[in-house]
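Some structures to go through are shown next.
Both of the next two complexes hold chain A, though its partner changes from chain B to chain C.
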Partner chain A sequence: MNKQNNSFMSWLDKRFPVTENLERHLTKHPVPKKVNFFYIFGALLMVIFMVQVITGIWLMMFYTNTEEGAFASVEYIMRDVEYGWLMRYMHSTGASAFFFLMYFHMFRGLLYGSYQKPKELVWLFGCFLLFLLMAEGFLGYVLPWGQMSYWAANVILSLFGAIPVIGPDLQVWIQGDYVLSGATLSRFFALHVVVVPLLMIALVVFHIFALHEVGAGNPEGVDIEKHRDEKGMPLDGAPFHPYKTFSALPAIGIFFVIFFSIVFFAPEGGGYFLEKPNFEEANFLKTPEHIAPVWYYAPFYSILRAITFGIPLLGITSKFLGFIIFAASIAILFVVPWLDRSKVQSIRYKGMYSKIGMILFAASFITLGYLGTKPVNELRTLIAQICTLFYFLPLILMPIYTKYEKTLEVPERL
Partner chain B sequence: MSKKIDQNRRRALHITSGIVGAVTVAGFAVPFLSAWNPSEKAKALGASVKFNLSKLEAGAMVVLEWRRTPIFIVHQTLSAIENLPKLDAKVTNPAKEEGITRSANSSYTVLKGVCTHLSCAPKYHPEIEPKAWDQEWLGGFFCPCHGSKFDLAGRVYKGVPAPTNLEVPPHSFDGDMLTIGEVG
Partner chain C sequence: MIRSFTLLLLIAFCGKLFPAGDSECGALESCIDYKADVHDLFSLQRGLGLYMNYCSSCHSLEYLRWNRLQKDLDIPKNILREDLILNPNIKNSDYMTFGLNSDDSTAWLGAYAPDLTLRTRVRGESWVYTYLQSFYEDASRPLGSNNLVLQGSSMPHVLSSLQGRQQLNNKGELVKVSEGKLSEQEFDNAMQDLVNFLAYAAEPIRSEREKNGIFVILFFVIFTAVMWLLNREYSKDIK
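On to the complex of A and B.
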């Protein structure tokens, strides 16, 4: 983009800083030369967000947000609307893909210390995005008004009812009725299609602005800003375009091959993406045999169920304590930047305790996820309790072991 | 701009506009948050239900609907009142503190007609006679879905799938008038 030769661009730039912002955020933005597989998930998340927005808008054109019409309108989309099935399956598979990518993206952050000073805000905005995504997924799952929509929402809303003193009134206020009903459905629709997506778009912008202020990280945890050439370009960096844009394209292609294989051949994901009871319309007199969350909430649901004891002395019931621990399991992620006291960023140069901690954390998360989709029994509850402990311990003890463990020397250059 | 900036005046303006702004936001929050409360329609549908007990004979049961839930009202016979304490050993939770009928009245029982197992509708079987599911049946509720048994006061028998007694909805008695949904 040459300012002198292009009079239109120069006219535009004087009125609206197009070139400046394109260069800052896209074309000339320096990114580390060498990163690995884990660094593609951010780009894929942008892609899947767009898929959700576009398919969501189209679904909204045919969906009815009333208690009487919701279930039938989803059937109508599936059977009568041309390519309606594609829109819906892309949207439902997209939800699963969104969480899958999000979890890997965040795990990357934990592995390579992508939250460390000065990237705290990048991480914090990201955690808010996870929270919003969870809310968005929950609200969206209620909309088809199937049996699992209704009863899973009942389980979650009754958690608010378990809050001492204000709980029951709060639950009625959220539901807009004394039972979960059409009033709840239509407000969830408004939140799902307008409020939460708007907040998410704002936070994605904040997330990226903050990232471009502090610079992207790399698996070595090397600061590429230290060594620059005479033009001020980091020696270990490359401009975002064309280096990153073109290396992301094949990854996006591969992602879509996998994504559409699921959309076309296994959209229900074996009952994990779209649960079987949800093919039956919501019936407030008939609870399904086994209420299970969609797989992406399973780890957190498992933590909720693992708390089978309360604190009677403080008047805290097991249900409310479960709610507190469940909320804490997400809240603790927000403070990770202040828990890590390590001199180095990447797990590659951190000590043994960090590595063991990360393995325990990841293994607990996966085990909890598996248990969350299964009915409870005594053994499973015990395993879930142990895993809950090992989900929290590596994070809670982080300030101690990261401060005292021996770390390796980080190289100067990438 | 020859005059000196009057910092006090500026501070006063900041504080007043801040307060006015906060009051405006708080004021406008009221209608928006209140809109989420149950509407008049929902309130009407969720309102308490009244029932005149004078026409309910001893041993009979009526079903009312309250907040989308069937409510069972049983007029206990004298023999039922005598039999209920005999079942204390057979039920999981005798719920002595709730009284023999588990209601605010010594001859009526008020229950949510929803099985605590998987929310089926338990059937009313007041007869005292051997049944397929219990040779020593003293009357009660039997859930045909998965075979849960409850006595006439809705207390769950041991060894059936339902974990807890049938729920008692909030209710009050005023002479012959029973109100579901309000505690007197």
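On to the complex of A and C.
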């Protein structure tokens, strides 16, 4: 049997490099032995991506992508399709989980310098993934065609309309209609189920190939490739499979305990995962009292709202300036590898300014997130403006303080 | 790791320091907290009775099917046909679309009577529960009644025969001016039944979901424990 198996594998390997790739990416791929819990989010993101794809395909079989049928088809899935409710709740909770894990994964990257040379491309592909995930989330949020789907989409699409000169035409082009309508819904459906997921799969592959080329990092920022044993395996490393695969499984178990606790006992997530107004069908004559984005966009939405002033001299309205700053808040993440001039990777060995910067950045992000889910008032706008400043400052000043601050010496080994 | 966690918790806590949002309960400071119980079958049946007697002439349940209701609420088929559906042209698998059409509703009441299938999910259970208790007489309104939770509501106080008449005192509080068929406690229980039924209608699977969820979670707890032991064995190799 074994002999047969081997001859089959050699037949296959001559035609398609299965063993070579398995060894390169799984059984012989070295990863650091010692990492902390922050390093589990990448694996969990893969798991949740699969959950979204599988549940998404199931939902797609029963969903109707028309203005007249969309809302009712979601209720049909919830009531008449066997386990449709489970698929839908897994998909909606999965969307929130995806962002939650993504933000922690990126925060890990910022903490331990997972973007520094030679990992720039790994980070860059990751940032594109964040951008695509945001687009995917937005497109998917419109599909249930509830009140919040409709009005939140209106707010976001009107941002394109705020761009000088080309704005109004661009908005009509994106919408496929003069107002947000069934035409918009069906094109958003196509983008949500085909275009964006395909791009995401491609980028996940690039992200992982690039990572396997440069090697995974660790919280110490130690280069494990420097010290190898006689077989060429790094002394501080271990093969990805079985050591890392099996260390990920208990974490995946814990993740699913939390995930399914929400799915089964609090699928609405206190109104943050499935918002109350979205249980009412979209009505273009009735604007909800308070339009708020889902929690995972709240920090960026808060930045958008915080800009209450324009630059009249240049003909820039406050709305357009808000859009620019909002876009910049995502765009700035792409250039982080070139902003950090530090000699060390990990926050553990960086100086005081880096640590203060990181705390300010994280605190601003969370506060902006909180404010983004609340109606505006003067105090909240002021706090959002201060937080927007503290979101950008640590990143903008990074080239200066990382270059001049005192760093600690990084150990040779893990 | 513990330090990172503490830091994150502290940061997250900062968000809580800001003032909370405005009241969602109209003229009231807050709604009466109520969480529907969808596991009490008798309560759901009583709630259905109230709904059919007091709500169904105006409000439909357009996403709920008769046969689903019959199965979930354990209603004998003959009762479903003879006492609930009534109309021989309606099939058991049809949706519960009765009530006023929007044109008549707008003409007679000034607003359309919304479908109530998902109402507890749109407004929240506490809101609906408080709303049902907060009607009062108001001569300035076309139908002579108003509601503290939804000021200017077009809905008349259809439950006044059960609850009794209520008016506002000069402090703006509700006071009872005549007794209804039910005592205060009985009326409160009846409203709980009604909200429980509406919560069921909003999500018929909820009871099963909450019952079965525990087994799924238990499975993953055992899975985690087994994987943790397995990982412990593997990690001995690389220590």
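One rule holds in what follows: the second predicted complex is superposed on the first by the 409 of 414 C-alpha atoms of A that agree within 3 Å, B and C clash if a C-alpha of one lies under 4 Å from a C-alpha of the other, contacts with A are read in each partner's own complex, and residues count from 1 in each chain.
Methods note: contacts are C-beta pairs under 8 Å (C-beta built on N, C-alpha and C of every residue); 3 or more make two chains touch, one makes a residue touch a chain.
Every value quoted in this text rests on a predicted model; they were computed, and no experiment measured them.
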Item to check | Which of chain B and chain C A:174 touches, first, second, both or neither | outcome: first
Item to check | Superposed model, chain A: greater residue contact from chain B or chain C | outcome: C
Item to check | Parts of chain B lying in touch with chain A, wherever the complex brings them together | outcome: 36-39, 42, 45-46, 67-70, 114, 118-121
Checklist entry - In their shared complex, at which residues does chain A touch chain C? => result 33, 36-38, 72, 75, 78-80, 85-86, 111, 238, 242-243, 246-247, 249-250, 252-254, 256-257, 260-261, 263-265, 267-268, 276-277, 279-280, 359, 362-363, 366-367, 369-371, 374-375, 379-380, 383
Checklist entry - If you look only at chain C, which of its residues touch chain A in the complex? => result 1, 4, 7-8, 11-12, 14-15, 18-19, 21-22, 63-65, 68, 117-118, 121-124, 202-205, 209-210, 212-214, 216-217, 220-221, 223-225, 227-228, 230-231, 234-235, 237-238
Checklist outcome for this item: The answer for chain A against chain B in the complex is residues 172-179, 181, 183, 187, 284-289
